[in-house]
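Here's the structure we're looking at; comments come further down.
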Amino acid sequence: MSALYERIETSFKRQGMMQALGCELVSVDKGRVEFALPMSEKVTQQQGAFHGGALGALADISCGYAALTVAPEGMEVTSVEYKINFAAAASGERVHCVGEVKRAGRTLAVCQAELFDVKDGERKSCGFMQATMIYIEKKY
Amino acid sequence: MSALYERIETSFKRQGMMQALGCELVSVDKGRVEFALPMSEKVTQQQGAFHGGALGALADISCGYAALTVAPEGMEVTSVEYKINFAAAASGERVHCVGEVKRAGRTLAVCQAELFDVKDGERKSCGFMQATMIYIEKKY
Amino acid sequence: MSALYERIETSFKRQGMMQALGCELVSVDKGRVEFALPMSEKVTQQQGAFHGGALGALADISCGYAALTVAPEGMEVTSVEYKINFAAAASGERVHCVGEVKRAGRTLAVCQAELFDVKDGERKSCGFMQATMIYIEKKY
Amino acid sequence: MSALYERIETSFKRQGMMQALGCELVSVDKGRVEFALPMSEKVTQQQGAFHGGALGALADISCGYAALTVAPEGMEVTSVEYKINFAAAASGERVHCVGEVKRAGRTLAVCQAELFDVKDGERKSCGFMQATMIYIEKKY
């Protein structure tokens, strides 16, 4: 397990919400992370599909942790803002999300994420996020 | 309890995610709804504050249900996209969110929501959402 | 003419694009500015209405200059990102735009703007922006 | 010259604003278009760089015309909303923008665009757009 993976996992495991929703860290590379969220009644909207708020939260951390992979030591990342477009309803067994850094400056990072609905082993694009992250001093 | 309130509550109670997070419906008016989310370990990020994904989900339903209050009978609302700006960390006892319809057309509605961190009884603005909702046929 | 008005006007008059499009400064208050853009063939799209790009540019400067009204001396403002929703086609004699600061921090400001289509003296809301501005050192 | 290119060019040439700013159509493929905007005093902000509003307008049409390349005959495209992140100041000889359709449904299309500052022959990414387009009946 790489130091980079550990850095992301350590922060991720502290996120009560992501633990409560059952979110899983899939992979970590410099500038790119992947998370997965299994279907459960904790992530549904009124029609039984994945809740847009769950997909937004998943894409938010995908962008944020992608930014953290390129952050200076001792720095944390927090979301300035994010914007998500839903391209299709997601109702498969799980949703995967790949977050990528598009450009990291000293203060801010622009990130994008793509969401994939995974159903019967097939992976279909179902949403897109574009977000701004800011580097702040780590306080814990 | 008004018919409008019941319409919103019926749909809201079907949202597994919102029940799991402990979200509460506060009030319903034509074009305006308010929700609250109490602090708990189910909604935190790595520093113990409210998770941006939880605030996004809360603002998403505030926009969506505001749009539903002005939807034709038999129609449901789903999110086309939403964008949220965080103005301050939220770490109070609860976060309230007021969603409002800014303009509703036949197909789409533009909505805005404002988030308030409630700490020791004081209510401080902590975030802003602008979102697009679409009216679709109700299938359940 | 107030010092605040002068500060905004001085910067605004240096914007070649806004001069080319015929944009006008209407009013300046702390945290709030208003601009107007008269209809002309320099601002139209393919159907003869105001171009979405012109409305976006107008709302961008409305947000940016609203942020500048509350900026420390010697600082300039630049756009981190902006997001605009179109609520109705704008095809009147002019479009007005009111930009407001929703929250200004040390580094970033969250702003919102509303666009109004002015036709036969009637003012109709036609779009909404939510934007993030950043304070940078003035270099000219 | 392909029928697809002609379809885009015909609409583009009707955009008064794009003609006024000096915008050029570079290439057209199914789901992907490229435009260029040469530096001139008609597109600058107060520091002499490309105006964020010009870049937003350029990315808006890049997304819109990418959506038009996959639109049913007789349909036009209009912007529901767009969101742009600026990654670096653009001050080169020209800015190019590539717009792509990420997912097109019957009513809406999700598009992304990337902006490139071209300076001394070098092409550097300087901005990102994510947008929602809607298909409407062509009226002219």
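Going in written order, the chains are labelled A, B, C and D, and every chain counts its residues from 1.
Here, contacts are C-beta pairs under 8 Å (C-beta built on N, C-alpha and C of every residue); 3 or more make two chains touch, one makes a residue touch a chain.
Quantities reported herein were computed from a predicted structural model and do not represent experimental measurements.
**Student:** Between A-D and C-D, which chain pair is linked by the larger number of C-beta contacts?
**Tutor:** Pair with the higher count of C-beta contacts: C-D.
**Student:** What's the chain with its C-alpha centre farthest out from subunit D?
**Tutor:** Result for the farthest chain: B.
**Student:** Centroid from C-alpha atoms only, then distance subunit C to subunit D, rounded to Å. What do you get?
**Tutor:** Taking the average C-alpha coordinate of subunit C and of subunit D, the gap between them is 21 Å.
**Student:** Using mean C-alpha positions as chain centres, tell me how far subunit B is from subunit D in Å, no decimals.
**Tutor:** A distance of 33 Å separates the two centres.
**Student:** Measuring from the mean C-alpha position of subunit A to the mean C-alpha position of subunit D, what distance in angstrom results?
**Tutor:** Comparing mean C-alpha positions, subunit D is 28 Å from subunit A.
**Student:** Would you pick out the residues of subunit B that each touch at least 2 other chains?
**Tutor:** 80-81, 83, 85, 132 - these are the residues of subunit B that touch more than one other chain.
**Student:** Which subunit A residues qualify as touching subunit C in the complex?
**Tutor:** 80-81, 83, 107-108, 132, 134
**Student:** Give the list of subunit D residues in touch with subunit A in this complex.
**Tutor:** For this pair, the touching residues of subunit D are 83, 85, 87-88, 102-103, 105, 110, 112, 125, 128-130, 132.
**Student:** Spell out the part of subunit A that touches subunit B in their complex, as residue ranges.
**Tutor:** 11-12, 14-18, 20-21, 40-47, 51-54, 56-58, 60-61, 64, 76, 78-86, 89, 139-140
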